[in-house]
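Both complexes shown next keep subunit A, but they swap its partner, so subunit B is in the first and subunit C is in the second.
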Partner chain A sequence: MARASMYHRLVVWLLLLVLVLPLAATLLYSLATQWSASLLPAGLTFDWYLRLWSEPRFLAAFGRSLLVCAGALAFACLLVLPAMFVIAYHFPRLDAVMNVLILLPFAVPPVVSSVGLLQLFAGGPLALVGTPWILIGCYFTIALPFLYRALTNNLQAIELRDLMDAAHLLGASTFRAALSVVLPNLRKGLVVAVLLSFSFLIGEFVFANLLVGTRYETLQVYLNNMRNGSGHFTSALVISYFMVVLLVTWAANRLNRDPSSS
Partner chain B sequence: MKHRYWALLLLLPFILFFAVFQLVPLAWIMVASFVTVDGEWGLSNYRDVLDSPFYLQAIRYSLEISLWSSLLGLAIAVIGVQSLRQVDSRLRDMVISFTNMTSNFAGVPLAFAFIILLGFNGTLTLLLKQLGVIEDFNLYTKGGLILIYTYFQIPLGVLLLYPAFDALRDDWRESAALLGAGPLRYWRHIALPVLTPALLGTFVILLANALGAYATVYALTTGNFNVVPVRIAALVAGDIYLDPNLASALAMLLVALMAVITVVHQWLLKRSYHGKG
Partner chain C sequence: MSFLNVERLHKRYGANPVFSEIDFSASRGELVTLLGPSGCGKSTLLRCLAGLTPIDGGRIMLDGEEISNVAPQRRGIAMVFQSYALFPNMTVRDNVAFGLRMQRTRKDELERRVTEVLALVELDGLEARYPHQLSGGQRQRVALARSLVVRPRLLLLDEPLSALDARIRRHLREQIRRIQRELELTMVFVTHDQEEALSLSDRIVLMREGKIVQNGSAETLYTAPKDAFVAGFIGHYNLLDADVAGRLLDRSFSNRVAIRPESIQLDASQGIAGEIVDHSLLGNVIRYRVKARGVELSVDVLNRSASSLLAPGSQVRLAIAEESIREVA
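Moving on to the complex of A and B:
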């Protein structure tokens, strides 16, 4: 038995090692003064981070990414929440249709959608290519399956019908009941879903690069454009990006586990 | 009753925006792929793709990289999850959380991290060379791409498979052992048949994930490696030669490939142990 448990521990640590390795190398590289043709860096420094965080182009790209992601998520919530409520309360049978629809953003790779989007929004009344607005629209579709699934699970857990009946008995309109009874009950699930969606939206590159590129340079596009610069500088950028993702997912997990915050 | 139809109005903005950013672009590709250079209906775009050694090579590379990275990723995930379920909960929770985070580590940042680790002057490349384990390693080849794709398949595989292992009950292993079955026979006759649907489903998702992946290979090779997503992007946003209709045909072929995989998956599921029950 002891030998078996040794084996399992070894496998798990190996798995962890494989997953950590690229990140650890990047972290060390971002802290190195110089590191070439030797096993370990010549010296350690925080210089690359200082340089990165005082670089106006990086700060601008980071700000744009935050803005686009936050905008897309706010927009997605605005569209998805009422739609979900109407489906759950009035037309439960539409849920099956929705479950098929939300498979599309999963099944169709962004590079495929981009072909159509580029032609449709290149000119005419909806000349959105090259503007952040098209990213907000596209990110809404990427976040949708995730938001919908997460919120459906939450809605099923709260006995929607009983809550609504109680609110109606007390004289609230359907609108008022949805807003001040159902919504607060969904708050925690919503915040967690939004945070997790944010963590993958900020890493989105395909739409950002193909539809907008340098005309509204977001974080990932900036990172890609820095490819010919110093490897230490881009490493500091990669680690900074990963730290933001780490922070957001950590907050989401904390919130998810903490029973008192609901 | 009237109330219900008013409620339907609330669905409209959602449907409208979903159509504009998801359904219409897809429909546009479908239509455009059948429009020839002269503006007439025809199959010439598809013929151009299937007659061109260049595009056929892209399809073959895409399939090879996706297939191998999915198989390797799945195998590593199975071995990993199997062990994860046997270790103490502190280590397990730590590894699961970390896996969750690395599932976001893909695309451009991942490509850069791999260049630092395994590029021509990568840390690991140098270490392995000094130890005499390898002669040379080129990350920018098919083998290198399979490696980096496998890396981003592992977290996805682990996260998808972990809940599926709930289906395996501990007492089955004990019963099998009591009846004289070793670990190999237990896996062959009990665990694998029970897990087959989950394994197939995960494999299909990994395959689709790899087939559609663009950011990683683009960032790693600046679009110089010939796979389908890179070709599609070059045809609509490249700087040499643009042909959106040809890009549409290529995109439709990619979607068709995924559809075929899904159909085969469904067919296999029906034939499997669970489908018969």
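Moving on to the complex of A and C:
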């Protein structure tokens, strides 16, 4: 019994070590003044972070990433929320179709769909390649499955039909009932899904690099372009990015757990 | 003309009729129960009355006005759901006030009416709680208060007590009946529980497979069931085939015979000889299984004392009152 428990602990710690070691090394490297021929860094400094956070190109790229992600998620919310409500309330049978549809963005590898998108939007009336709009559209399809799944679970947890019927009988119109009775109950699921999608999207590289590249440099593209520069500097960038994602994921988990907000 | 009139109502899903030729009425201040087994169409009928499900024919008249095609918001009908359907994001007070807010009731009047109705259902003090912080019985009382506060012309209740445990169910049942009488409310109550129907209703409309089987007072349905289905559904009848009843009672019958277990006397000095098979205790009543002339019968006797209990094998004589022997189709 004790040996089995030891073994299980060992496996978990080993896994943790494998996952944390590269991060810890990157963190240490980003804090090192110099670290090349010695076992340990020559000295510690915050200089790389100060330089990173005062670098206009980095700040611009970070801002662009935020903007594209926020735009895609806002677009997704505006479109998905009403669509989900209509499906759940009026056409529940369409749910099966939607479940297949939302898997499509996963079915095609990003590199393959990028090639298609490049062909489709390179010229003509919708010359979107090289603009943030194509990224917003692209990220929308990536966020869709996350939002849809989270909201479906939320919708199933409330007795949508009975709630709507009750509100109708008490004098509310369908719009009013959806707004004051259904929407507030989806808020939590929506926020969690948005935060998780955000932390995923802000790290997206393939679409950003192939469809827009340096014409609208996002965080990951900037990181890629900096790969020949100082390793300490890019390490600070990676750690900064990681902290942002960690913060957002933590917020999502926190919201998901908090029983008082249910 | 009655306050609520339902005339030749029918509804089908595709080719399958849910119910057809439904005719019944309710006077002002009357509590009518739609009783029947699961799937007999009673809940759908209730939803049709509320306007939540469209009908395929017939008409619904409320207070002299045809409402068959009126939107649910404008029928003046409120409904209590089996699932409570409380708004999870609102407190008890906001749930109850929702209907008044939709009617744009003045704030002071809204506050007064909400407070009044919460007192009526004995929920004062719980105003600030959320539905998930309440017990099942409390939730259903919030749902009731939410329906009452808008002063509906007609209140519909769709199996409101079936998710609650027996003791709370009884208490809430009495509370509903008291409020209904106090406010002189017209109610249509759907249930599959015959005991609930008998104890609550002024009148019972018994349904089976989308049709009304019998419509009458609780007493009539209990003492004069129209057929074997009613007898079997509404009480614990001894239902005997014509030849079996003939053997027991020594005469011939052309139909099945229904005899209520409490109408058979056990300690009669003369009557049909029988033998106790066993018994079960139903609280204040003991139900014996007695075998007489090869026929097994249920006999209910008041549970007076443990010493009067008849052991299996005891010889008894059965007296069956003539008026309690009913031939049913």
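Simple rule for what comes next: the second predicted complex is superposed on the first by the 261 of 262 C-alpha atoms of A that agree within 3 Å, B and C clash if a C-alpha of one lies under 4 Å from a C-alpha of the other, contacts with A are read in each partner's own complex, and residues count from 1 in each chain.
In this section, a contact is a pair of C-beta atoms (placed from the backbone, for glycine too) under 8 Å apart; a residue touches a chain by one contact, two chains touch by 3 or more.
Given the structure is predicted, the values throughout are model-derived calculations rather than measurements.
After superposition onto subunit A, the partners subunit B and subunit C occupy separate space and fit alongside each other.
Applying the stated contact rule after C-alpha superposition, one finds that A:Leu246 touches subunit B and leaves subunit C untouched. By the touch criterion defined above, A:Arg176 lies against subunit C but remains apart from subunit B after alignment on the C-alpha atoms of chain A.
When the shared chain is aligned, subunit B comes close enough to touch A:His8, but subunit C does not. With both structures placed on the common chain, the touch criterion links A:Phe140 to subunit B but leaves subunit C unconnected. For subunit A, the partner touching the most residues, choosing from subunit B and subunit C, is B. Of the two partner chains placed by superposition, only subunit B is touched by A:Ile87; subunit C is not. Residue contacts after overlaying the shared chain place A:Val112 against subunit B, while subunit C stays out of touching range. Once the two structures are overlaid on chain A, subunit A sits at the apex of an angle of 100° toward subunit B and subunit C, using CA centres and rounding to a multiple of 10.
In the superposition on chain A, A:Leu101 makes contact with subunit B only, while subunit C stays out of contact range. In the superposition on chain A, A:Leu31 makes contact with neither subunit B nor subunit C. Here's the short version: in the overlay, subunit B gets within 9 Å of subunit C at its closest Cα pair.
Residues common to the contacts of subunit A with subunit B and with subunit C across the two structures: none.
Residues 3-4, 7-8, 10-11, 13-15, 17-18, 20-29, 32, 76, 79-80, 82-84, 86-87, 91-92, 95, 97-102, 104-110, 112-117, 121-124, 126-127, 130, 151, 154-155, 158, 208, 211-215, 218-219, 222, 229, 232-233, 235-237, 244, 247-248, 251, 254-255, 258 of subunit B touch subunit A in their complex.
Residue ranges on subunit A touching subunit B, taken from their complex, read 4-5, 7-9, 11-12, 15-16, 18-23, 25-26, 28-29, 35-39, 79-80, 82-83, 85-87, 89-91, 101, 104-105, 107-120, 137-138, 140-141, 144, 174, 199-200, 203, 205-206, 209-210, 220, 223-224, 227, 231, 234-235, 238, 241-242, 245-246, 249, 253.
Within the complex formed with subunit C, the residues of subunit A that make contact are 158-159, 162-163, 165-173, 176, 180-181, 184-185, 262.
For subunit C in complex with subunit A, the residues that touch the partner chain are 47, 50, 52, 72-73, 77-79, 81, 83, 85, 87-89, 98-99, 102-103, 132, 146, 150.
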